[in-house]
Amino acid sequence: MAGNIFGSIFRAVTFGESHGPAVGCVVEGCPAGVPLDAEDIARDLRRRRPGSGAPGTSERNERDVPEILSGVFRGKTLGTPIAVVIRNTNRRSEDYDSLENRYRPGHGDWTWDAKYGFRDHRGGGRGSGRETAGRVAAGAVAKAFLAPLGISVTARVSQAAGIDLPGDSGDSGAAAQVEKRLEELAARGDSAGGLVSCRVSGLPPGLGEPVFGKLPARIGEAVLSIGACKGIEFGAGFAAALLEGSDNNDEPVLDSGADGLPPGVPGLSFRTNRAGGSLGGISTGMDLEFRAAFKPVASIGTPQKTVNRNGETEEIRVSGRHDICILPRAAPVVEAMAALVIADLTLQHRSARGNYETM
Amino acid sequence: MAGNIFGSIFRAVTFGESHGPAVGCVVEGCPAGVPLDAEDIARDLRRRRPGSGAPGTSERNERDVPEILSGVFRGKTLGTPIAVVIRNTNRRSEDYDSLENRYRPGHGDWTWDAKYGFRDHRGGGRGSGRETAGRVAAGAVAKAFLAPLGISVTARVSQAAGIDLPGDSGDSGAAAQVEKRLEELAARGDSAGGLVSCRVSGLPPGLGEPVFGKLPARIGEAVLSIGACKGIEFGAGFAAALLEGSDNNDEPVLDSGADGLPPGVPGLSFRTNRAGGSLGGISTGMDLEFRAAFKPVASIGTPQKTVNRNGETEEIRVSGRHDICILPRAAPVVEAMAALVIADLTLQHRSARGNYETM
Amino acid sequence: MAGNIFGSIFRAVTFGESHGPAVGCVVEGCPAGVPLDAEDIARDLRRRRPGSGAPGTSERNERDVPEILSGVFRGKTLGTPIAVVIRNTNRRSEDYDSLENRYRPGHGDWTWDAKYGFRDHRGGGRGSGRETAGRVAAGAVAKAFLAPLGISVTARVSQAAGIDLPGDSGDSGAAAQVEKRLEELAARGDSAGGLVSCRVSGLPPGLGEPVFGKLPARIGEAVLSIGACKGIEFGAGFAAALLEGSDNNDEPVLDSGADGLPPGVPGLSFRTNRAGGSLGGISTGMDLEFRAAFKPVASIGTPQKTVNRNGETEEIRVSGRHDICILPRAAPVVEAMAALVIADLTLQHRSARGNYETM
Amino acid sequence: MAGNIFGSIFRAVTFGESHGPAVGCVVEGCPAGVPLDAEDIARDLRRRRPGSGAPGTSERNERDVPEILSGVFRGKTLGTPIAVVIRNTNRRSEDYDSLENRYRPGHGDWTWDAKYGFRDHRGGGRGSGRETAGRVAAGAVAKAFLAPLGISVTARVSQAAGIDLPGDSGDSGAAAQVEKRLEELAARGDSAGGLVSCRVSGLPPGLGEPVFGKLPARIGEAVLSIGACKGIEFGAGFAAALLEGSDNNDEPVLDSGADGLPPGVPGLSFRTNRAGGSLGGISTGMDLEFRAAFKPVASIGTPQKTVNRNGETEEIRVSGRHDICILPRAAPVVEAMAALVIADLTLQHRSARGNYETM
């Protein structure tokens, strides 16, 4: 299996099956001197954890205590690989015994079998959402690297079960509505999807590479690699396809005090941000803004027709501990993936600098 | 500048500025024995070409004659790198002289300056849409590799200037409507966006890697690396976020004659394809289906406020030969990028095979 | 720090500092279905371990018990990443306190400081030979993958302290001579170097890529990445530079029963093997044979002049537990690195196959 | 075929067969602002060219005129990919017709057939030494990048046909001796090998990565990827294996005026350079020094026994235009490969910088 290593300079490797001994990550390429401790990682893992109490999330209660095995000395990164291990403490494999020979609708059981002819069926194995714990740990390292540079990454649920959730936390009405809707779905043995909105603030202009390595391309790859993600859009997104150029172009404005702008020196922003923070694949200095769509959870209690490994049609009800709506747990994963991309592009940009004028 | 090399095994490198001597590509990793000649490449280049007569496209009339410099012998690929060069024959650089010190709204002029402090301003240089000629040439090689495997990649404009274009070519009414709308926009000095829909048929189950290398992640990166692309969605896409699990899951069905299905052997399909051709990041054997959103062309004749390199606010009208709507020319680029991904995943899958059962 | 990930398809990531909590590796890309257990890894770790009793090796007695955290299920690899952790159990950091501000001659203390301005001085940190435990663990996975294919990798000490050690174990005279010489060196506070010879048997013709990815290039990179290695030569090696073409060329001969050789089908070998197992960068089917030179251990008890971080000249005697001669412990590391390369080239070769004739 | 792309940030792709339309390269990742013109490249190509008049080199008279297709604007690099094409003007393919079905001893004909089952037999195709023209072109770009940083790379023949060639050009006696020996070999239809010595001066301390990406590992891979190279050694090299630690360690000395050395700031050198310019895989600031061994040319006029594709034993005399001794033409290729590595490590080092102390 390829594709467990992400990034080009700031790189993360994740490992682990949902019902094996542990999941985790190794982060390579994080520069030396970044303040980091296990609590930085544990904080984000708690947000991703099942049983965190968020409405609609599963009750599996993993403790998710990260252990840093390398790369940190006296509270700072050494520049060497940072290995983080998170033990799997609550494995009820027997829940999954009945699934060894059945293909759950909406799951990768069948495609995995078609690809490898061999799989760990327990809870999805490597294909399980548990795999994302390693991503969140790696993302926490990326965020620790970005924070002193003034860059923050924040993802939140902006729609769940068809109900919009405004950004300001003042409106608890929508949240209550979502909770009620999810309870109804749980009672019916059904599930919901939604949207995650993400914002990266403090981004300097100049990140991203102009051809294949465009900022939206790199973010798109990262976020679409999260299970259940079915789409992503930047800035005005799909709605931009309906606008005219004169409506869609953002007007450049000089920052105060930037008149007489010396060439090559930022000092410019935009009156609006329909571009969502990048032009020509390169960050503009405005916030990077994108939304990702997640399909409803595939594991549902409602009976569904399916097929098994004996080539028989049968009916299945997926029991076990499942989320009704993955969104609250998906948000920190989106955040982690975006942070990994931004950290990588930051280092990639450094390596490209060095016109003789500036060396 | 990084990010001019795309893929992991079947790889494409593109090069060239819009107003330099040539653009082109080198394809590495294409297996030996694939029938290929220059006309395979020229055919797709004609579809991408400005002045191809499609409504709303620019009049710059590049001949776009590809020359194959290596990798093909007696009409077949050698397995060695395939270099293709396309000369730039119609360079009116003087059109762009007035842009050397001005930042066009909606363009990467400013971000490029902020990143490099040095650029070829003529027609966007490497940041120009002309860069995609190299992608189309590389994609044509990928399609030549895929065709004998029964895999076809087809992209078409499914919405332009706000008007839906149905797939069947019978309805010329919508096309006429689009043409009329684009003429109006041209008259007003404005521009339009739209959607490209792409379908990959003949895909075997098993392509894509389950973690970071998911099929939608790889396609998403590829397509979002095309300039002006603002979003992508797979299968039911953003609409899936509004569905319940029981409505969204596709029902697995046995192919006729596949009862008693031996493990690991395909013989299964799905009654619907809301998943858009992948589950768990791996192809299901159903068609891969996705849509990409393109913003309206940024270069417009209408006066716009902007900023220049002297830190002054000024008004700009972008003259020169520009498309009103990029969509007809974007479709072959989407096709090329998707073909490159599928070719790469095909080889990646081969390298992963080899359970001892099957060796 | 870059360069902790090795390989292109069969890939190993290593992590860990000599005096941190653990060292280890993650192996990505090993196909599913390979029989593997922790004892396969432990066996090679014991050969690499200090205090293994080999003459001239250090007394630090690490237990080196590997724990497999992922990628193995029911005694076989899953195809997913295989994470292996080896705890550091015997850390006497205080031995190294006196070195925090001193640059040991022949060590990377100074270059590390010059590069990062920050280091874990305890026992060399990531720059320590302890880092190779992760390599040996990863190499054991590669050997488990290669064994069922009939490929074996064997490295042995062929020269130590200036004394040649013949391959057949019959001659214990040379070994006794080496032991005596090392005791003399230990008494004088000095150290020795030597040669490791490696042979890969069972290699099919066709591995290696003809341009940058030649078999000797890939092996050379792998082996020269081992600390203290100062040179490598293949087959006749440096002596070939003195031969004439008619003496150096190996004569091709048909294998018995291979007359009427069908094109593309092996059935040929060579009367001699001065090429050392590759021609044009591709394996010939003969044994791959190479030798690597290791410098004498840099840490010696003899007083040496050096410089410290305060910019003062001083005299240093390196105490602590050090090897007199690294060779016995270097051999399994050479073996591991060679195995990783061969596993990678094997998968790379699979991905390249697929001329239409053979698909 | 994989392995036509070299490097991680400063990267070169080469393409072309010896008897196809052209050979060439694309260099990706060279920063913007480097002065470069076609003559910089042509100069090195002339040194590599057959028929350059150096004793023992082939008479094939390629003109080798490089054309820069992209990446240079107004005499400076743009930061974008630099594509260079060198037309093959003197292709006498008919010389090779008799080789279509025969395996030349010491050549990759057989291994290529075993690998691909399909090849361009004319002059070795992609496996020909002509492929190195692309490397030399790419290396010239790397040298142009390094020159303003004060880094120079110089390779020279230090032994040919068994005769040592001292570095100072004063001694023309040895050169005359070599010429005489090669004439004798030519008369007998035989060939010679030799050594290339390379020195990189002006290297700052800190280049190279401490684990797999060690400076000698990266150089070793680069140089061993040149056809006919059978070994490489750094500094004292194989002779170091015979020394004792106290003899081999280089004594660190303070540069004048560097007392009170501030941490992290170079100001140190070594009394000797047996290490050959690196410690712990990282450059020390001393010259990088290595030697590479090349086997005698495999194509000889003397009759040799071999095997053909029909599985028959036969006798072969290799006619055509061949070098007697490849060494004079190998030196600029060694230089190019070393320059590519140093350029890449320079950019890799930049991306790793950024301890918070220094940002």
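Some observations on this one:
Letters A, B, C and D mark the chains as written, and numbering starts fresh at 1 in each.
By our rule, a residue touches a chain if its C-beta (ideal position, glycine included) is under 8 Å from a C-beta of that chain, and two chains touch if they have at least 3 such contacts.
For clarity, every value in this text was computed on a predicted model and none was experimentally measured.
For chain A, the chain whose average C-alpha position is most distant is D. Here A-C and A-D are compared, and the pair linked by more C-beta contacts is A-C. We define each chain's centre as the mean of its Cα atoms; on that basis chain C and chain D are separated by 25 Å.
The mean-CA centres of chain A and chain D are about 44 angstrom from one another, to the nearest whole unit. Look at where the CA atoms of chain A average out and do the same for chain C: the two points lie 38 Å apart.
Chain contacts: chain C has residues 1-2, 4-5, 9, 14, 29, 32-33, 79, 116-118, 126, 348, 351-352, 355, 357 touching two or more partner chains. Within the complex formed with chain B, the residues of chain C that make contact are 9, 29, 31-34, 79, 148-149, 347-348, 350-357, 359. Across the complex, chain B is touched by residues 1-2, 4-5, 9, 11, 13-17, 20-24, 26, 28-29, 32-33, 67-73, 76, 78-83, 85, 116-120, 125-126 of chain D.
By the touch criterion given at the top, residues 1-6, 8, 14, 103, 105-118, 126-127, 131, 159, 162, 185, 190-195, 205-206, 208-214, 216-225, 227, 229-238, 240-254, 258-264, 266-268, 275-276, 278-285, 293-300, 302, 304-307, 309-313, 348-349, 351-352, 355, 357-358 of chain B touch chain A in their complex.
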